[in-house]
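Next, two complexes with subunit A in common: one pairs it with subunit B, the other with subunit C.
Here is the complex of A and B:
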């Protein structure tokens, strides 16, 4: 696993919030890079506050069966050099991730969930990728369900294959803003389908 | 002119005092006059009144332009207060050197008269007699020969009369070791080196100092010259001028002149009262007055008996005595040698253990006592402590300076050291005073050390480049040993440069490095570990 990380990952001072403000800023962005890289390499969309990647569906099952999630491998903990990021510094990193738009709380409405969707591409490039999908699959002006978009056979091989639905809806927002897409909701108000023109 | 003496000063502009010399008072902004004319380049300085001298330390060039007057040379002083543009003055009248010499000569003659011993040979039995007092034609009652009982006839024994002066033990000592050329302390009778001016043992001024001083000065300091302002006008009477003036530009000088007067009084009092061993009756149980055993008779001259048999007898006793004496001398010598060996051993051990401290010890000289009571106002006091602190710091860190070319100490450490080393007994200085003193270094022309603020909070006293030098050293060490903590760094640093950087200074330097982004930290339970910043740009 360590080989996937840049050399800075085994540099002990990385795990201590640096007192120098300028350095601290760079340190946080180094962390963000590491997290995004990590999620991308693992094809993962979600990460807990403690820094371990999860699959939301399996998480639900785990909670249901075991009550509490078990101790998982965390990006913030480096056992090779016996270092871990302290809680307060994790908070700072997440705050920065969220404010940069590179992460979003899984509980999109209340924003107080301890798990996050990680955007290892920014929202705009996701949106343009989705648009590209519509163009190549000639689905323009057709209604496509969100499930079809994320899990369908035609999406296999695309980077957004397997993306959680709430995250996908978030990614469609730039298209909505450009009036290229219309969302269709069910009677509960949940987005189920989309039409891109 | 020869009353003015050159005086050595330290680099910080404090005069170097003699043994047993104590400073009493100090005044600022004083100019010197010889007679009526100004002495050039000595118009702005501080004067110190000490128990032995009045010392002038020039503000502009303290090392070359400082002067001193012996209090012994001063006959009397007079004070003139400020009048219009003329500033307050203290006029110092010198004692006439010839008068002093004359007086002392007279005294000597008087004292010697009582202790004259006349040796004469009886013209009848040829016995060598001794007579206390001078035996001349005028002697009314001629001495009687101890051998044959016939009173001496001056005319007949004239050719054999030898007159020699003799007195108490100290005077005999004088005579024996060559009289005139010795420099004997009047207080403790120690025979000093002929070029010394004050007794090596007790610090008393030596009576011969005046004679010696002339050539001493000219040899020691050829460049020492006093230039007067209007030399041309008064060239001829320069030598006859026997007074000097101190002009007080800032203060009224009353206090100073009063203190000088008091010091003069004390000095003359001390001269009359303080004679060491003055009521001495016996030394090691031997009465001083008795002539017995004053010296061991190598050759018995006073033969009380006559005849060949007595001569033989005396010869034998003399041989026996010499034998004993030689034996004693040899055993004493071997004792002495063993002592010397012990001392040598002790010295070499001590030397090995602590070279630096022994060096320091040998350099110690009495220093000024900077006492608050001597100063008129705070500024003067601060300036004086500034000089003292500067002197203290430079001498204390001389070794570091030589080894690494830089000195650095945090003001907190210096404060503790200075107060512990210099201020006990004279009252500690406050941290604020210390700081003000250090801030005034530049103003006083003390440039080797500078007060710098590290990290906008800690004041350090150091040489100009000190911070950079230590910084590079520490960074080097951390490069070699990434993840060192403070203790390791200070250990390495001190090993590497064989000096003692205090933890305080190192902490500050580390902090400085962190603030500038050269180093980064890794906080662990065991402490903070330092790393060189390899990944992030500043």
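Here is the complex of A and C:
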């Protein structure tokens, strides 16, 4: 686990919100870098507010059962040096992550979920990668289901393979804005398929 | 000689002048000769440098030896190189380092308050680019100084640091950094035990250093606040690297 972290992760004061404003800014962006790097190295799409990565299936179960998340390994807790980020500071970090567009709440409508999708690449680069997929797999002008895009055989080996569907739809937004994509919804209004031209 | 003289002594002035002229003539001659010699030596040095240009560029040890020799006789090697376009590369080399140093200092300013150790500069930031040594780093920093940007070198317990913000470190602050260089942090009780400082003195100096961005606060170390030196981050990294 330690190898995933930069040396600053073992710097004890990183876990105390710094009173100096300039340093505080630096500190928050250091935390953001750590989170993004960590999620990338673990191939994780979701992280809880408490700083542990979770995979999709457990997330689904938790959302369905409204269960209390179990105690997990948390990025905000460093047992090696006996330090942990206090709740209020986590809040600050998440706020910045969300406002930078590097994380969105998994509950996209109400935005008050305690889990987040983490974008370790920004939305635009995801969008262009997806566009590239459409081009190389010659799926342009065809209707492709979101499932196919994220879980299908033809996406294996692509970085977005396994991306949660709501996150994928979020990543398609730049394509929609450029009028390159059309979303198809089912009768419940849920996006099920996509056509890219 | 400047004093007004009275009696006979007053007449000896013109004579004195004559002696002085003879004296200064001799000195001037010697000076001219020395200048000549120096010029010859300079020429030789240029020839030498021209011959071994590639070697100077490639080999940091050789470069520093050459430069040390130049500085002993009082020639700035970088100015020496200027005269010969074959040797521009060596100067470019230093300019390159200068630019790099400024970049690093600006990039890390928010983390370390504008103070960075030579070790950090060399081992972390200059590791990938090209092998350079401490003397070359110092040389480059001395070149940057002419920009009046407030760059300055100082030493704590034999470890050299570069300050890139125009803030003087007080002797109290230096002492605290000295203590930090041992454990990575200092605290009010540590200062009391080691320097016999009163709490109020320690607190005010530490607080000031935090507001200058020189130290980071750590509230999770039991009952006392610790004040950490950010250069500890990379120090840790060094030891980790050597263990592997």
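The definition used in the following text is that the second predicted complex is superposed on the first by the 188 of 197 C-alpha atoms of A that agree within 3 Å, B and C clash if a C-alpha of one lies under 4 Å from a C-alpha of the other, contacts with A are read in each partner's own complex, and residues count from 1 in each chain.
In the analysis below, a residue touches a chain if its C-beta (ideal position, glycine included) is under 8 Å from a C-beta of that chain, and two chains touch if they have at least 3 such contacts.
The model shown is predicted, which means the values in this text are computed figures rather than measured ones.
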Determine, for the superposed arrangement built on subunit A, whether subunit B and subunit C clash or fit.
-> clash
Regarding the shared-chain residue A:83, is it in contact with subunit B (first), subunit C (second), both, or neither?
-> both
Report for A:26: first if it touches subunit B alone, second if subunit C alone, otherwise both or neither.
-> both
Just subunit B (first), just subunit C (second), both, or neither: which does A:177 touch?
-> neither
Give one of first, second, both or neither to describe whether A:10 is in contact with subunit B, with subunit C, with both, or with none.
-> second
In the superposed arrangement, does A:18 touch subunit B (first), subunit C (second), both or neither?
-> both
Given the touch rule stated above, what does A:140 touch, subunit B (first), subunit C (second), both, or neither?
-> neither
Running into subunit C, out of the candidates 26-34, 98-106, 458-466 or 512-520 in subunit B, is stretch 512-520
Go through subunit A and flag every residue that touches subunit B in one model and subunit C in the other.
-> 8, 11-16, 18-20, 22-23, 26, 83
In the complex with subunit C, residue positions of subunit A that touch it = 7-8, 10-16, 18-20, 22-23, 25-26, 82-84
Which residues of subunit A touch subunit B in the complex?
-> 8, 11-16, 18-20, 22-23, 26-27, 30, 83
Touching residues on subunit B, where the partner in the complex is subunit A = 483, 514-517, 520-523, 529, 531, 533-538
The residues of subunit C that touch subunit A in their complex are 110-111, 113, 185, 210-213, 216-221, 226, 228, 230, 232-234, 236-237, 240
